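In the two assemblies presented below, subunit A is common to both, partnered first by subunit B and then by subunit C.
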Partner chain A sequence: MPETKLVKNAAGRSVPLKINGKPVIPYKGVGKHNVTGTKHGPKINTCKDFPSDGNKLVGTLKEALKKAGLKDGMTVSTHHHFRNGDLLANQLFDIAKEMGVKDLRWFPSASFPCHEHLIQYLEEGTIHHIEGSMNGALGRFASQGKMKGVGVLRSHGGRYQAVQDGEVKIDIAVIGAACADPFGNANGLYGDSATGLLGFALADSQYADKVIVVTDNMVPFPCVPWQIQGNYVDYAVEIDKLGDPDKIISGTTKITKSPDRVLLAEMTAQFCDETGIIRNGFSFQSGAGGTSLAVGEYFKKIMQEKGIKARFARGGSNKYLVSMLEEGLVDYILDGQTFDLEGVRSMAENQGHVWTSPFTSYNYHGKGNFAGLVDVAILGATEVDVNFNANVVTHSDGYLLHGIGGWQNCLFSKTVILPIPLFRDRIPVVVDEVTTLCGPGELIDVVVTERGIAVNPLRTDLLEKLKGSDLPITTIGELKDEAEKICGKPEKAHFDNQIIAVVKWVDGTVLDVVKKVR
Partner chain B sequence: MGQQQNIAEAGNAGPKVRSDCYVRLELTEKGGVLIDLDSKVKSLYGSSIEQLCSNIFEFFRIDNVKLTLKDSGALPFTISARLEAAVRQISDTGKEFIPDMTDENKYPSERDRFRFSRLYLPGNNPKMMLNAGVHNPDGIILDLEDSVAPAKKKEARLLVRNALRQVNFYGSERMVRINQLPDGLEDLKYIIPHNVHVVLIPKCENVSQIKQVETEISNLKKKHEIRQEVFLMPIIETALGVEKAFEIASASETIVALAIGLEDLTADLGVIRTNEATETLYARTRLVNACKAAGIQAIDSVFADVGDMEGLRQNVKISRSLGFEGMGCIHPRQISIIHDCFVPSKEEIKKAQEIMDAFYEAREKGLGVVAVGSKMIDLPVVKRAEKTVNLAIKLGMIPEKP
Partner chain C sequence: MPETKLVKNAAGRSVPLKINGKPVIPYKGVGKHNVTGTKHGPKINTCKDFPSDGNKLVGTLKEALKKAGLKDGMTVSTHHHFRNGDLLANQLFDIAKEMGVKDLRWFPSASFPCHEHLIQYLEEGTIHHIEGSMNGALGRFASQGKMKGVGVLRSHGGRYQAVQDGEVKIDIAVIGAACADPFGNANGLYGDSATGLLGFALADSQYADKVIVVTDNMVPFPCVPWQIQGNYVDYAVEIDKLGDPDKIISGTTKITKSPDRVLLAEMTAQFCDETGIIRNGFSFQSGAGGTSLAVGEYFKKIMQEKGIKARFARGGSNKYLVSMLEEGLVDYILDGQTFDLEGVRSMAENQGHVWTSPFTSYNYHGKGNFAGLVDVAILGATEVDVNFNANVVTHSDGYLLHGIGGWQNCLFSKTVILPIPLFRDRIPVVVDEVTTLCGPGELIDVVVTERGIAVNPLRTDLLEKLKGSDLPITTIGELKDEAEKICGKPEKAHFDNQIIAVVKWVDGTVLDVVKKVR
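What follows is the complex of A and B.
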């Protein structure tokens, strides 16, 4: 691999000026990158090239891919609405392999452990590289330097931005939908593979050259609501089974029973209560993950006791959030990802349960987004450093293990709180310097650990409100010291010089790189 | 035979094991110390783990050995306990590899501190020890008895010893439940030198057991020049123990409380244990009475259903109404409920303060009768109010009166 020229970006991280042969812009700071120019323009189509009866059905996915002109070097996108129950992406690349196509760029909105199947195609060349989250086995594969190209990690909003701005030109988008009609209208609401919404596929439908909608529940026109509009769609395909319903339900949507995490949730909720964040008409981001869900339950308790109502909750929906909506504790759920069947049911039935997309919620290159309007976002992290910088993609041993998801985008909410353990087994979570920078410290306000709460010194307003509090308020430096006292001072993970992935910021600039683990 | 003595194993490994490690030692004739380290934190702590192991071999003068270490993120106190446990199987060393006592573990206890909640932790499970203190139980019990498998008893002693020195319990009273005698007497050697505050004596049913423990502790204190008091909490778990409750409660100056263990007691009584616990009402009231007569605290048994928080709450309320002053916990989430129920309510405190104010006022004015409004207050009521106010002050719920 040729030596890549590196420059220091505004966060002090050494990043390349080119990725996979294309020029990129180093991160300049929060809100420092100005943009000009126009959005990516997809080709003009005409009705006369499409069936006049609106029937775009083709027999098989393979046929659709052939018609769409699948060939070497193309960019093919899929979406993670089916989460770990996705059966589509694997089929898609099985077909590509059959067709003898090489060097594809896979552009998923996220990958899951079920996609371990694709490692063989990365090895033998059907897939050149992945631009999207790489979890579990795929992350390990990439971290060992085995992927041919450099992975690009983007937030959900950053993915929309990259497509909209023309940074990533999608040749073929394959959109799996629980329900669709032959014209291509589609939604995630009805059928055996119901996922609620299809927001992650919105950009792809709007900007991809060819769009294929795949469903296992074909209904006669019209399929309503049309979360994906058939007017963007080239081909519709019906297959037997899109997803494994048991695995579509995310594993991270059960409230934690771990006493340590419940404690974190309780402390977080108490913090929000004492600082006046929980007040009539407030809004909150509720993530997946056991701790975030438990925070929601404590919010609920406080709101019930004090007779407080929230205007909206943003984020992944699940039965807990739905119960808050149905009990009138929140007016609206602005749903970006539906995590369980209660969420799906509620979205279908309840006008207050609204489906959103990365465009409305997260896209930084738009005229505002919803994430910035949220009063408080409760998020996770694998590491936080003494400058409040946080990491969500690698562990301290350097291995790429998680995607960014909507995490970066949510950092723009008014208060960002990370409830995290001080250490996991022996691995310190509060550290000197994060292994990989995913979120600049200036956007991270509070770190809640079981051994103390650190507030970013920039948030003097919060510190003022906490005077006299019973909460264990400390400093991030003290937390780091305590972690090291318990675990010992860690050695730095050993990296090779080879860059295996880059982390993009929400504006498309390069925030950091991930290197091969030695 | 010779072969067996050359090989030793200790600790735990497996997909669900975390913060622990498994060690296998094989004494060799030559070749020095060979360490095969398989650790999830190898890239962060690999060399310090190997250094620690080498130090331990050097300490025990083991020059030629093959060590296989499977580590799931164990902290040094665990690694050294596991390694020492293995070393002891293949060498008859009398030495102990004792880690440093951290400064924050040197705090003392006191006889009449409150003991609403005591969290039981299995003595051979390092993972559960690490964060126990952050849940703020009044006491933490490192258990060497029922929660440790018979084959793991010796390992557990070393782990508990190391935990007493290195795990921060954040101000909780440091307790150990020893095994039934005579094994329990051997346990004492591994805990008394390490700032244990309270020793729990299981299945106590006569004064002689207390005396044996007391004597052994006193010998160990002399040997290690420990001046600080080590308190005792006998656990009554048999019908005979219940009948002897007062004798036991008053058997030693160092006894601060009696606890009752209902699981064993119901077995001994031949009755089924229920959440309502009416089957042990006699035993519990008898125990409370014995404690009050002896001037010590009465502590109730654990509530076994960790999923049933409402059941726990009802149970603690009854417990408090019977005169118990604390209860065992087997899950950290039980702690706050137990505290809520034992801590006097704001109304109770307010009422008690009114009574005390009236009492002081009457005393100042030289009046023989205390009255709140038009209601006459008897002296025992004043005494009870004083207890409540003192408790509230101690708990920081109200400021101390100048």
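What follows is the complex of A and C.
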């Protein structure tokens, strides 16, 4: 197959020139790809073809899919606002199967373990392949070489970029919303399936050919605020139940209690304090993982002690961030998503929450984005190598088990810190070379482990500020050596030649491939 | 000139096939123009070409215009949020003149008497012509045949449509905002030049090649809410003063005290009551003119008496609408613009205000818009003829003195009522044939004058409901006869053959022309 012709990209990774039959561009380096061309121009519509009273209700999702012209080979998108509680994507493909439609490209903003149900459709051909995160079972299925097409992994910003630039043309977007009106205006704030935001569906609403909004909480026009604008929507559908509330949002997010991780968090916060990153008016982003949350709590303590505040924190909102907002320690939370019920409550009540989207925060093909304005991003990784390159999608055994999320996009923050254990289950996390390259080392500034902190030599400014510090500053090579001393030299993953997925960089170029596990 | 080849359009008006050298489509009838093609795809940008820390500040507007590449023949847009208090558009063209740039197409969302300053540039060639409303002196200048190009008059929705569809490609959009940050996020809510909303600049931000945000109130990132998103913005500029606050927003809007107009308002409200238009959950739009405001006050009284409320009112917000919102008589105000200080205050404080834009409310080339969802729109007109056709841009003497605003777009409301005096200054308002056709009669349902109410015969439903009414129901022909009885047969305007402007319909087709006054 011409598809398997490989070239070495700027990161030294062998990548194909075609994916699923379409030409792609190999990664050229950070900020090296010059972009040309124009944004995707969707078909012009006219009001005369839509109900004059604005009522776009159709009886069932099946009817809407028929009206939207669902047919073989189309690209259909869904979104992960309902996370592991999503009931909609499964229903959608059940209907596609019923209708006898084949070879669909599923373009989710992410898929979750609840979508294991769809493996049957990948096997029998209703779905040809998935472009989007494959968490858990679907990733394992792909890693076993069982998916017909090649998976394409994109960051949240990369997904917006791909849609905006016309790399991915969405035929039908199916947008589940906790609240909507018959015109198609929708939000994720109110109702049994409340999720907070609907930003992951923004690009789809703007650029898809047909847009279907599905809700279990239909309200009279106007549904406000309209996070999705009805002017982009073709059909509105009411169904009984979009999601399983317990699995959509955690009742409460939990800070780590593991002493090792608490130590990582404390070291990370001390590092930010000593290097002057924590100062009045600074900004930070930390995820909703246990360690990240703990970092946030240490930040809070430091701000309280110093009597300073942050200008903004980038969410996912959770109860810890909300408490900082409500105590006046941050002026604004710039939310991308919402992780717990406190976040949902606060978002509906508090003007200090600002909705962001992959467009505002992460799209690399815009006139700037917010990621670069963040002073420090605290991120995770499955592996980091001696060149500070990092991996977030595969484990060291080669299995594709995680999505990229906004991780690549956050690498553009002014300082990027990865607080990670030196090893997990006696498998080193700091390694010679990452199994899959997701983030180029030049963008990763600091690796904090329980046995030492490595600063990227490119950041001489940070190293200068750390002179005289009692933090255990070391080098990434020493960390790797120590990990190997404890765990032994790790065995490399065993791969077949078959490419089962590719990892795109934020500019749409191909950064690396994931191969079938042998 | 081939430009002057005229054809009769579906409204029987003779219109050219080319305007300013570009082909145009004659009006085909309401809902008759099938649209093809795709929306305008602006150039793809990349973050690597923008400051990594998001700081897009440049020192002066002149510097920003140079960086944006201002040159001969470009299309430059501005917006009328500052109304007659705008200082920005004049500064902009002063700079263009200084730079020696020629033949600009000025594409304002509207122009006001304060822009009389620009006539010198129309004369000496800095500005080639204006596409947009020309209120007052600029309209008179055009009507005298002095503008080099042909003016193109569009409704607010038609302006969005033209930009979205690529009919008008904006090279540089200059967006004045009461509040902005160095990334380019901007709103009209806070600061000395507060205007409420910035919706008229939305299309420009999305589709223009280069976007410059200018403010006299620069705040640290994030400027929230971001009515204009910095991700669309190339440069941010801080200047001393954007506008003259007294002229931006009236301190307070005033209801008419004229007994004749109060009568019109009362008759209109009674008409809406008797025909069942005013019912629990209804919706209405009335402008900020004295008569319209009075209609609103009568609506309020009727709602209070009946103990009912409206689901929404379409703004411009003003103190009367705000009082209805705050008394719980309307659930939401869907704001397009803001007419007085009470409106500005309430918008910043009250969640019942919902921002709309020409995209959500008026764009005819969308998947529906809000105009069609409004139960009743109360509008004005300079003339109405015996076929219910109406004119809002010229006076009977032929002079082009007003813009279209959202008027054409509002004609898609379920019932359209024009409360107008039968004559003004002894010149009939109800006439044989309107001087300039702006709205096709089939969309105009009711004409309310102090001497009788004419219902469009197409609205048999309304006529049915009025049986037994004590309202002075008559016919449009009788109204015209009565006007002529009182004022005499009006003299037609005297026109030269030169077309000085065209009136576009909401779908981009050419509805009528305006000729040079002899």
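One rule holds for everything that comes next: the second predicted complex is superposed on the first by the 511 of 518 C-alpha atoms of A that agree within 3 Å, B and C clash if a C-alpha of one lies under 4 Å from a C-alpha of the other, contacts with A are read in each partner's own complex, and residues count from 1 in each chain.
Convention: a contact is a pair of C-beta atoms (placed from the backbone, for glycine too) under 8 Å apart; a residue touches a chain by one contact, two chains touch by 3 or more.
Not measured: the values here are computed from a predicted model.
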Contacts for A:R426 in the overlay, against subunit B (first) and subunit C (second): which applies, first, second, both or neither? first
For A:V7 in the superposed arrangement: first (subunit B), second (subunit C), both or neither? neither
Touching partner for A:E450 - first (subunit B), second (subunit C), both, neither: first
Could you look at A:L17 and tell me whether it touches subunit B, subunit C, both or neither (first, second, both, neither)? neither
Using the touch criterion from the header, give the chain among subunit B and subunit C with more contacted residues in subunit A. C
Touch test for A:P222: subunit B only (first), subunit C only (second), both, or neither? second
Let me test your reading of the model: by the given contact rule, A:K367 touches which partner, first (subunit B), second (subunit C), both or neither? second
Which subunit C residues qualify as touching subunit A in the complex? 31, 33-48, 50-54, 56, 164-166, 183-184, 211, 220-222, 224-226, 229-234, 281, 311-312, 332, 334, 354, 359-360, 363-370, 372-373, 412, 414, 507
Could you please specify the touching residues of subunit B with respect to subunit A in the complex? 18-19, 40-41, 43-48, 72-76, 130-131, 134-135, 168, 331-333
Show me the residue ranges of subunit A that touch subunit B in the complex, using the header's touch definition. 259-260, 262-263, 396-398, 424-427, 450-451, 486-488, 490-491, 493-494, 517
